[in-house]
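Chain naming follows the written order as A, B, C, D and E, and within any one chain the residues start at number 1.
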Amino acid sequence: MSDDTKFHHGDTANDLAPIVQMKDIEKHFGNIIALAGVSFDVKPGECHCLLGDNGAGKSTFIKTMSGVHKPTKGEIYFEGKPLHFDTPRDAMEAGIATVFQDLAMIPLMSVTRNFFMGREPTKGKSLFKRFDVEQANDVCMEEMRKMGINLRGPDQAVGTLSGGERQTVAIARAVYFGAKILILDEPTSALGVRQTSNVLATIDRVRNQGIGVVFISHNVRHALAVGDRFTVLNRGKTLGTATRGEITPEELQDLMAGGQEMAQLEGSLGGTV
Amino acid sequence: MSESAPVTADERVKSEPFLTKLMKRPELGAMAGVVLVFIFFAITADSSMFTLAGVMNFMTPAAQLGILAIGAALLMIGGEFDLSIGSMVAFSGLFFGVCVVTWQLPLIVAIPMTFVFAAMVGGINGNIVIRSGLPSFIVTLAFLFILRGLSLVGLKMATGGSTQLRGVRDVVENDWLAPFFSGEAFGGLFAWMAEVGIIDTFKNGAPKVPGIPVEILWFIVMALAATYVLLRTPAGNWIFASGGDKTAASNSGVPVNRVKVSLFMLTACCAALVAIITVMDAGSTDARRGFQKEFEAIIAAVIGGCLLTGGYGSAIGAFFGSIIFGMVVIGLTYTDFDQDWFQVFLGGMLLIAVLFNNAIRKRVTGER
Amino acid sequence: QEIVVVSHGQANDAFWNVVKNGVEQAGKDVGVNVEYRAPETFDMVAMSQLIDAAVNQEPDGLIVSIPDADALGPSIERAVAAGIPVISINSGAEVAKELGALLHVGQDEYDAGKAAGERLASMGGTNAICVNHEVGNVSLDLRCEGFAEGFGGKVTVLPTSNDPTEIESKVSAALSSDESVDTVMALGASSAGEPTVAAAKASGRDVNVASFDLSANFLQSIADGDAAFAIDQQQYLQGYLAVNFMGLHAKYGLMPGGDVPSGPNLVTQDKATQVIDLSSQGIR
Amino acid sequence: MSESAPVTADERVKSEPFLTKLMKRPELGAMAGVVLVFIFFAITADSSMFTLAGVMNFMTPAAQLGILAIGAALLMIGGEFDLSIGSMVAFSGLFFGVCVVTWQLPLIVAIPMTFVFAAMVGGINGNIVIRSGLPSFIVTLAFLFILRGLSLVGLKMATGGSTQLRGVRDVVENDWLAPFFSGEAFGGLFAWMAEVGIIDTFKNGAPKVPGIPVEILWFIVMALAATYVLLRTPAGNWIFASGGDKTAASNSGVPVNRVKVSLFMLTACCAALVAIITVMDAGSTDARRGFQKEFEAIIAAVIGGCLLTGGYGSAIGAFFGSIIFGMVVIGLTYTDFDQDWFQVFLGGMLLIAVLFNNAIRKRVTGER
Amino acid sequence: MSDDTKFHHGDTANDLAPIVQMKDIEKHFGNIIALAGVSFDVKPGECHCLLGDNGAGKSTFIKTMSGVHKPTKGEIYFEGKPLHFDTPRDAMEAGIATVFQDLAMIPLMSVTRNFFMGREPTKGKSLFKRFDVEQANDVCMEEMRKMGINLRGPDQAVGTLSGGERQTVAIARAVYFGAKILILDEPTSALGVRQTSNVLATIDRVRNQGIGVVFISHNVRHALAVGDRFTVLNRGKTLGTATRGEITPEELQDLMAGGQEMAQLEGSLGGTV
């Protein structure tokens, strides 16, 4: 857990003020300390990768950012002002969209209903204001197609989708509603190669629109392909932040493994897993 | 960014007959049960059961139960229970009775007061459930006892010792709002129909059916409204989501707590509506009103396809579920079965109706 | 001929089972077809709907109990208006005529309670418990009220469920928490009366126990001297006579000239043994 | 293959006080409620409530309820409901009564027959639920009605018209098995204790408490056995798994259907045990036995921490839940409250007990 | 969907008889055809990779193999004999252990209880035969450590584990109980680099013990690192089977994407995703 020289704190790729800044976040679950003081920020138009071993606290950390957990200690600044999100809805209304690792989908509900859950498009006025199902269906099918999935129909229950199809719904939803910050917790884990490359391309596109992206992944190659900055967590603490180009894949991979040695295969894994 | 692929028909989808599509809707599953029960009684029951009067007769309790069941169904879809609705019927009936009899308030004041009062109690229920994180089963169970007890105490105070409060009919009789909540609608129409002989009359010439009991109209309106809300409004989506998975819904931005508390208030208001209708119809209220109605309402909702675990079901299902229940309970009295066997038949019919439902649905949709 | 009986007591209630047995016997004896119906719980709204259902079938006679004249009145009046002869049984003596019933066969619950209260007071009781196993059932409430009126002394209502074990425990508790209780009145012999006797015996005190209605075991207790008496409404008569009258009315247009009181009849130690067998067959 | 890393203490775990560890167990959550209720009655109730006689007095109904509640709790943990247990008490009571009174069978035959019979009915219940895939709520509800109705019909057939079958005590009195299922255990011990003055006696010298009612012993034994099964046997693991997630459990190799059917049979047997005990104690059985006991059993299980959705709970929790319920129901008669308020207090006490439970648990375990 | 020349059917790496052979398996869900005739076999000591786009039917296919789904059509031969597994338990008792994509874990139950769910170790005799909790805890902690996860305690509820920790439990369990065939449905999707390399090493190890492994992955590199044969599914049909060494990563990746073009990133994804 040495402070690798290639790592340096605070120096960022651009000089814009961060949208969200998290300072010394701690989070305890009963007697378990999941986060022991993590600082982190996201700037507009950058993709900030959050990396780390299993159980390092990545998901817990982004959940405090999106209003699911209240931090035990630490401060959150949103566009410079201290802020606490009481519910995920607050965070969402502030412009933060998240793909959670568990996807936050309701298996019994249809794809469209899941896609628009909490933010249904309406038509008609006052008492006749109603859920615009046709438009919702169209939008949903179209967004899924953009990600490389041709759904059979917008009314298929999410519970009967394949793992990757389901994950794509969650990603498409977050991208569609992501206003200022898009948080993606291992978005590509269940995706096929084509869908993965679409997601990476999508990250690139939204970043260029000035949205800040937080990208969690275990895949070094994916992280390096789209990331501008890389923060590595280890056992609830941050190991530091590196900027793109400053660090080689092998170094990053070592850091992500928490400094521990990896098993060697006779097969040709060729450096990075 | 890849261009969106052209929309092509999927070779992996078999074409599906219209009937199958229909049966897949939870609303319509319960219909098979209604049909079965109908056929059963068409064969076994006295022919008077399916005269106009007979239909009104079994639809009246079905409607009263159904108003509760629709509320209960929405709440169940939203992932919670309310066991206090039966007691709520007694309690808001008492409140309403006291308003009109003791305080002599006109209906235009008494009825909104009763609804507000019921909604408040429902809100308390809901808030305790949300704040404490306890299962709603146990919280509303406590209110089952509390409200039932308070009804008894209140009745005794209001009447000076009796468990029956009487005289409601006399005071509301001439109120202009009364026809909306009691008696029969379209009385004129029915009288005319009787005159010209379209509908049956008693020996004395009065029409056998003086009109459509208002509760039936309320029941239908509520079923339609609830279905509309569930299927065609954002609120409906939130209800399904809250019941399906609280955490996932809340993480996706659904205001789960607000939805749940509103549903508790709605359910309580349904109970108040039934209380107002029955108190005005009966002209009295007593400490046992609505006894075990919570149970029957949940039964009707479950027959209609609601899952106890939440997140799935429909208002139309509860509508048909109530009709099944009402038809079986009243229908058995039109048959020649000995009353001793009543419960056996009731249970048997319910079981057969839901099994049949289920079998038909599975067969039609090709589920395993 | 078709006669329908609609009461507020369920078929599995010991009291109403006897009424129903009377109804059935009378049906056989007079040669009419009778049907007995009751709501699933004490529920006036449901009962009025059952009366409506019966009216729809236009029977040759309708027999009803009237525990709540307000709630049932319109349905009964509708039956009368439809030209169906009506006889009331058990409760509603005071309103029967008004609603258009031809006749009332029964024993007013309040009066029966009063008679029991007077009797127990005369046995020296001053502080009594009234065990109510179905709070809110108006006819049981009336029994308690009448009892309080007749008894004169202190009367506490003890609400319980239908469960014998719970009743026994509650009566025990009530006895041990107030040493001055000397009288216990149960409102139903089999569900409440028997456990009450057991609790009184276990308390080791001298407590007068009485009960409404009969059950074989309770009668045995009376015979053994563990209980004072049981109030017999002779409800078999309510069912039997009403159907009998109605059958004769339907056949020959006959009808007695006035109400028929079916009770009360106090069953005390000397008579108890004779009726045990009848009670265990559901006739008394 | 990497060598397994050395086992080191994890710096990310705070040390945890013993009390916290204890309170985290669902078994023990309900204890706080018992303590609270105890304190409440220690203050408000007549002192005779907590004499030996008083304790036996409220423990007897608590034990009868508890035997059902433990069965219901296991079934709920396994993810199903049985609403027919109350009716099952009446029905197996009738069966048992007929065995001993009508057929004059000795207990050694009658009791196993009753259990087998109950298990069969439970098995039917379970099989319908499993085969049809319907919610157990609705299936067992049908059986609630069916069994209740059959009890009435059966009783009238067995007695020739009465709803009460009597004479059980006379025929079983001298059976050697009777002491295991009726009356009080340890009579000798208690008589001796009375003699030497350890426990209270009546004026005539007989001990006020003749012994420990057998149902209390059964209750304790069953709570221990059920806890052992749940926590220390493979079957227990299967029960948790079946209730937690049916599909996941079955995919992991748990014979979910077999587990569920067995639980239905077990629950029915619990009902049969209560039936045997109460019928022998009362000497008679009637058509209303066990009325609404299914409801109370579920209440007790939920107070004790079982989740209605399955997969979580404990038998010891149901044990304490039954005691809370029994103590409140009986205890209120020891107090001076106007008995009209009974239900209000019952509901209020239940609510406070569970809220207190919950608050204590959250505080102790530091949950949010 | 051309029959690439590098692909050939039936020719396998070794000449042992297959443990499981599936012929023309079809599976319909209501009106949805998930599998439209797939044939597949696994031999002792080989790692047979099942690849394909999202929604291709991989999970559905292995679920028919492990007794979860009954095939609508087609035959299954187990050690040469036709066989139908009625429940997953039957398959398990025959020696098939599976890591399902949804992991098949009960969130409310502890790690140990999940680990041994359905196959609890016992001690004591007859009536006193009981769940040997201590031994179970030890085994469970040890197996998890072997995979590179140090659990805080064996009684932590699975629902509170991180995504990767949870997946590791499922893998460790399957490996521990895998007797003849080990089926892994995207086992490494949520794993960190260290855990991933451990899992790949584990696959290698059990293969060498003569166990047949079915490995589903979207990661071409992982598949190539351990796979002996590669079967590609596409829209419910098989595109054919290739043997190791016969096919390049790029070809395989193209096949997995169903022949469709992939998005190009300016970033350095370097050939394979």
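In the analysis below, a residue touches a chain if its C-beta (ideal position, glycine included) is under 8 Å from a C-beta of that chain, and two chains touch if they have at least 3 such contacts.
Please read all numbers here as calculations on a predicted model, not as lab measurements.
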Those chains which touch subunit D and also touch subunit A: B, E
Most distant chain from subunit D by Cα centroid: A
Inter-chain centre distance, subunit C versus subunit E - centres from mean C-alpha coordinates, in Å: 71
Distance from subunit C to subunit B - Cα centre to Cα centre, in angstrom: 33
Centroid spacing, where centroids are CA-atom means, of subunit B and subunit E in whole angstrom: 49
Contacts with two or more other chains, residues of subunit E listed in rising order: 32, 102, 148, 152, 198, 201, 260, 262-263
Residues within subunit D bordering two or more other chains: 1-2, 5, 12-13, 148, 152, 156, 340, 342-343
Residues of subunit C whose C-beta touches two or more other chains: 11, 135
Pairs of chains satisfying the touch condition: A-B, A-D, A-E, B-C, B-D, B-E, C-D, D-E
For the subunit C and subunit B complex, residues of the former touching the latter: 11, 20, 35-38, 40-46, 48-50, 52-54, 56-58, 68, 70-71, 73-74, 81-83, 135-138, 141, 145
Residues of subunit A defined as touching subunit B within the complex: 66, 68, 87-89, 92-93, 98, 100, 102-109, 113-114, 116-120, 122, 129-131, 133, 141-142, 145-146, 148, 150, 152-153, 173, 198, 201-202, 205
Parts of subunit D lying in touch with subunit A, wherever the complex brings them together: 1-2, 5, 11-16, 20, 365-368
Interface residues, subunit E side, partner subunit B - complex: 28, 30-34, 36, 70, 235-236, 260-263
Complex interface listing, subunit E residues touching subunit A: 29, 32, 52-56, 59-60, 101-102, 148-149, 152, 160-165, 168, 186, 189-198, 200-201, 204, 218-222, 224-226, 253, 256-258, 260, 262-270, 272-273
